[in-house]
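In what comes next, chain A is part of two complexes: it sits with chain B in the first one and with chain C in the second one.
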Partner chain A sequence: MPTEELMAQETVAPWMAAPPVYDNESNLPDWYQKFREESWKRFVNTADPKRTDENWRFADLKKSKFSELLPAAQVEDEAALIDRSEKSRLTDCAAHYVFANNRLIDSDANGLPEGAICLPFGEAIEKHGDLVREHFMKEDRSLGGDKFAALHGSAALSGLFVYFPKGVVCEKPIQVHHYVGGNQQVIFPHTLVVAEDNAQVSVIDMFETIAEEEQTLVIGVVDLVAKNGANLQYVALQDESDHGARHVQINSTRAGRDARTKSAFINLGASWIRNESINRMLEEGADCQIFSANLANGVQEYDQRTLQTHEAQHTTSDLLFKNALYDEARTIFSGLIQVQPGAHHTDSFQTCRNMLGSDKAEANAMPGLEIDADQVKCSHGSTSGQISDEEIFYLQARGIPAEQARQMISLGFLNESISRLGGEELKEFLFRRVEKKFANLL
Partner chain B sequence: MSDSLKIENLHASVEGNEILKGLTLEIPKGEVHAIMGPNGSGKSTLSKVLAGNEEYDVSEGTVKMDGVDLLDLEVDERSREGFFLAFQYPHEIPGVSNANFLRAALQARLPKGEEIDAVAFYKTMYEKMDALQMDRKFTGRSVNDGFSGGEKKRNEILQMMMLEPKYAVLDETDSGLDIDALKIVAEGVNRMRGPERGFLVITHYQRLLDYIVPDVVHVMVDGQIVKSGGKELAHELEEKGYDWVTEELAVA
Partner chain C sequence: MPDSATLEAVNIDQDEGNFSYPEEYAHDAGYGLNEDTIDFISNVKGEADWIREFRKKALKIFESKPMPTHWASEDLENIKFDDIRYYLAKGQRPTRSWDEVPDDVKQTFERLGIPEKERKYLAGVEAQFDSEAAYSNVKEELEKQGVIFVNSTEGLREYPDVFRKWFGKVIPTGDNKFSALNSAVFSGGSFIYVPPGVKVAHPLQAYFRINAENFGQFERTLIVVDEGAEVTYMEGCTAPKFETATLHSAVVELVAMKDAKIQYITVQNWSNNVFNLVTKRGMAHENAEIRWIDCNIGSRLTMKYPGVIMKGRKARGEVISIALANDGQHQDTGAKMIHAADETTSNIVAKSISVGEGRSTYRGQVHIPKNLKGCKNNTECDALLINSNSRTDTYPAITVRGNQHATQHEASVSQVSEDQIFYMQQRGLSEGEAMSLSVNGFVNDLVREFPMEYSVELKRLIDMEMEGSVG
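Here is the complex of A and B:
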């Protein structure tokens, strides 16, 4: 319909003239080509986020606008980035991948268990097209970021496909570094993790900028699929430059019968981030846990929207988001618990806690609940407060100077959600990263 | 200058109400003194004023610790100078592990640039925990978070054992402890008794003083020390009750 398209062209500021595909040489299957084209159309026809949209309430919309975006160019000094990634590599990981501006520049998959498939996205589409197709970007619902998701769909060929067949278990995490650099450049990491029945897998994505002070953008989409009895953990650590970097990440989690998922967003850097997380408990016994630890300072804005949806009886979920805010930082948390008709005997919890370290910091919280079933245990709540004088006094009374006491308490506050994850080294690693940012705050 | 914790004519108030009304007390190094007194007489207030809690206004009086003016120091400075308070109600610090907390407290006592020896630290901590019959899982747990009353009190004593203060005030450390735990804690305190340390044991009940036998017992009523004596005074108080002291005062 030409008129419709014409109207869309007029009302939507074109962020870019064509799909930001960086690599046309791969031998892509038809379904995927088609998916890209449709995604591009959807991107073009979807309006920018509006103030009147409940999904963008409290957001500073200027930050979600883009006048020009370029597909990320190949990085010059790849060796330096590989070196850098080694310095923040877990000693005990099953596999390690490094992407720089969408391109895989290093990998080591020696610790993977037998049967597990772990491939960069482009290769996975060629070699395991059917598997990818079955699970890739299947979520129709959106928490507001559909325009970003559409752009991602039109371009993504970066990131990792992780497939654990039935019963394949690995406690060690798979670690993935994503680097982005160059002004107006955008990367599209996609992480697709499928854990078949009774499989166990853990993945950590790390997002960093190559340089400071560049206007970079990450638009990532993560699909997590835990089949019956599977155990799936996913962590996103975002530690990009505070100046200029923007970051969008849209997670979708599906949990089958007796499946357990844990997913976490750890945000330390970037000037603006938008996290969305849809968690669906599809069959009895499914359990989704969602965590976040965010340390925001300066003028950083962290905008997070979540959905926990119970679609079967006897499902459980728990969400714990923690924000420590300093200076003029802003956070937005909007979380909805939905208990679908007939999803009796569900337990669903949601907590967002904000620790305000400055009078000018602003924490917004919008918890929500929709229950359409019986025998349901649900609670949601959010709190905002400052560190109590009594807590500081207690630490100080043991000889710890007041400023350090403050820092320890804030760190402990954030660590409470990190500590709910699995894997000792991983938790310690995340904790150290948060600690490092705190050290730079002072 | 004699080595002691010397409190003279201490007046302190909170929200305009005077709680300590000219309290005078000296604990020579090497001695264990006990303060007994009815609820609300100001015992915890005294302990918190000594530790430097800013909720309380000190309007008059001095506190000298081995000649150092304690009231001039910040809370953390007092601790590093060798003052310790085992709190009646220890605070919970979610997300900060006991081990990290203790380590930070010890680290704060080292000169700049010097790092704590982690191996030695854990070894010492485990020894002290064994002595207090504390499970080692407490090292990884958040400070006092979800601890029972008794566990919190043991944790206070563990901190005291690790920090080795010159003067320690124990505020109702016996409350919340069953008799076995009380013996363990008392044993820990007794092992720290010696010529280089002074103790002030605050308690409501005489029971604790059967296990930590004091050199001197003071009775505190309405923000003042009204009577002092030997350890037998504790028994007398237990038998006759606090009214006996107040009545005796009224007569005198």
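Here is the complex of A and C:
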């Protein structure tokens, strides 16, 4: 980067001068300090997204600027937040954690199976440094958010580290709340889930804002590692304020031999979100499934980029993203299936469906394929349309008013993604959250 | 089966294209590109000042635009613009009768399979030898109907009132780096005007040839079809093989007025050292229809995304595309559909075949802006991989605004099934023949869209490309 450009940025970005350190009390190991410094350098040396960058095609680049923000300060009323989290707690969860502005404020890990490790990220670095180091931010590839990821790498301390040793199975989800609040504040939650051979684990991250109308930003990175025969599920429910809140989340999933992963993005809130999801099928029999259900209204912009990369023979993956758009909402879906040389006998599918509920909503879809192998079954499909009059008429004929019929159909449309996840209570919970937003739309 | 005369007439294969004649160019602008090159071209052609200015402005835009390598193939960097001759011509006016055509040019046509007898059933052959149309014969009936069918130089000189209005309007000079290059140095190509209500019964046709090492060919085509009129235009290309890369960068603009229909058919079979970077776009007014039928078999790198801007209500756009990429080839093709009026519909069907280390890419754009209603798009892309090291990519982009439209996009990638091959071998076909048959079956529904002579030619080209691809 030319020096004059660097200097120009320094004048506007408070953290162009120094990394956003907000927790000096942690006793961080050397490797992690070094990692932070390198991430910091990468952040400074990485250019902002440009118009000509294919990874940012169709995106409103103004929304991706974040130079005036600061690392979030400790919240004042922790008790109120803990109360709030209890109200949306799953009755049957294995563990329950509450983070507010980068700090753990409450936890209950009584339902965890024996041998499982669940720790706030900062503590995990101290106590299980080797495990963290082995899996933490190992993905070199980027779908465009490398500058965000670099800043995250220089700051991450909050969020949960989940480690399930060989054969440890827990069907109940681990629930994690992340609250962000205060004007111009940013949090860096990191979720690292490792399922060793034949382990089974399910994690749900919930992102919410403390107050409405505040300029907040979440820069989250999620590393999911499923070893041989493991079964890993991860859900991110984002329900932040649609006035001012912005949300960036970068997921990276690695699936080993016969491993199965399911990951989902449910987006209801925030004024702008950017989701990136890299899914790597590394060994034979690996299967990655990626889902998303997004309900966008007002002037919300949801920007999602995905990659399914098949690196071994006999691997499978499936992606189903569904967007329901109202008012002047915009969605961008860019997905790429990549079948690498030698990854023969691959089955890979990708579907993005957009339902447009107003004449000003805008849906962009870029479903991509790159196939470099033989005996491959791949397809992608993308549709954009509206609810047909016939469907509405059918429900009206059965006594359901048109408006309600519309809502029922839209809800069913989004629920198709949610229903592919595992865990009855979890699915019901997600469905209710979507339903709640629909109720507010009317 | 077509009769033997037809078969002979379309007897084109690549081996017959492996020849070249001594270069005796009466006009040669030298190597490289600068303002002098443009003055040279304009002087030779005796062009009006506005065209000279148009060219010079385009040169500046060309120089200022970066290579689109942030999304396109890095292979573009291998084009050495300074090593290219931008203008060559025989120094002859387009001739009216066959007798006036020089012998070596005739010989070229003979080997390409465009013998004199073709004139019997083709309405007019606009055969382009290097930059200038060397031969041009429009049948009398077309002239009677008022159809204008000339080359670009003649079109702009003799009929400025017909063509100037649309020239550079469908594809602005600055659309991309290569449309700017073409605008700076264009020569040759066809300018066609069809008056209101005239339905041209026979397809108009032009064959192109590149015949000088490192010689770029920059033809410019503009077809204006007036209200209620219809025309089909066909182009086919072969090129002799040379050792260093050749650049071909055409601009083709189509204008279909109210209720008009244009069908533009291309079979591209340049030799494997040609960069074929073409901008093609049509503008369809109310209830008009534009169809691009495009087949790419040759070239080293083809980048071509025919587009239709549907400007009037109920306008229709269609792209039918077949691409075959063999060793050392990259077919980067696709389509662009811009819906700019209510109730416009578009359809894209693309099929590609990758053989050996060939790479085929589909790149598409469908755009439906706000405040429109009743727009529909259908896109289907199917890719067939023949060998384990073949490659295929699909990169569509679909933007829909508003809730009164319907779009659907589907893509699939598959192989010729081993069962199919086995079945055919059981019935006495060799593995190669079985593969050929399967591939022809894969594209058959699209090949049918081509006129008969072209489908025969296409089938042969596919057979030839499949030779030695298995085993």
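Please note the rule applied: the second predicted complex is superposed on the first by the 424 of 442 C-alpha atoms of A that agree within 3 Å, B and C clash if a C-alpha of one lies under 4 Å from a C-alpha of the other, contacts with A are read in each partner's own complex, and residues count from 1 in each chain.
As a working rule, a contact is a pair of C-beta atoms (placed from the backbone, for glycine too) under 8 Å apart; a residue touches a chain by one contact, two chains touch by 3 or more.
Note that this is a predicted model, so its numbers are computed, not measured.
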When chain B and chain C are modelled together on chain A, clash or fit: fit
Which partner, chain B or chain C, touches more chain A residues: C
Touched partner set for A:372, first chain B, second chain C, both or neither: second
Once both complexes are placed on the shared chain, angle at chain A toward chain B and chain C, C-alpha, multiple of 10 degrees: 80
Partner chain in contact with A:394 - chain B first, chain C second, else both or neither: first
Partner chain in contact with A:344 - chain B first, chain C second, else both or neither: second
Touching partner for A:361 - first (chain B), second (chain C), both, neither: second
Partner chain in contact with A:419 - chain B first, chain C second, else both or neither: first
Partner chain in contact with A:211 - chain B first, chain C second, else both or neither: neither
Touched partner set for A:58, first chain B, second chain C, both or neither: second
Which superposed partner A:382 touches (first chain B, second chain C, both, neither): second
Chain B versus chain C - smallest C-alpha distance in the overlay, whole Å: 17
Chain A partner contacts - residues on chain B that touch it in the complex: 51-55, 74-76, 78-80, 85, 87, 90-91, 93-96, 100-101, 104-105, 108-109, 142, 159, 163
Chain C-facing residues of chain A, complex: 52-54, 57-58, 341, 344, 354, 356-386
Residues of chain C defined as touching chain A within the complex: 70-71, 370-371, 373, 383, 385, 387-415
Residues of chain A defined as touching chain B within the complex: 389-391, 393-402, 404-405, 408-409, 411-416, 419
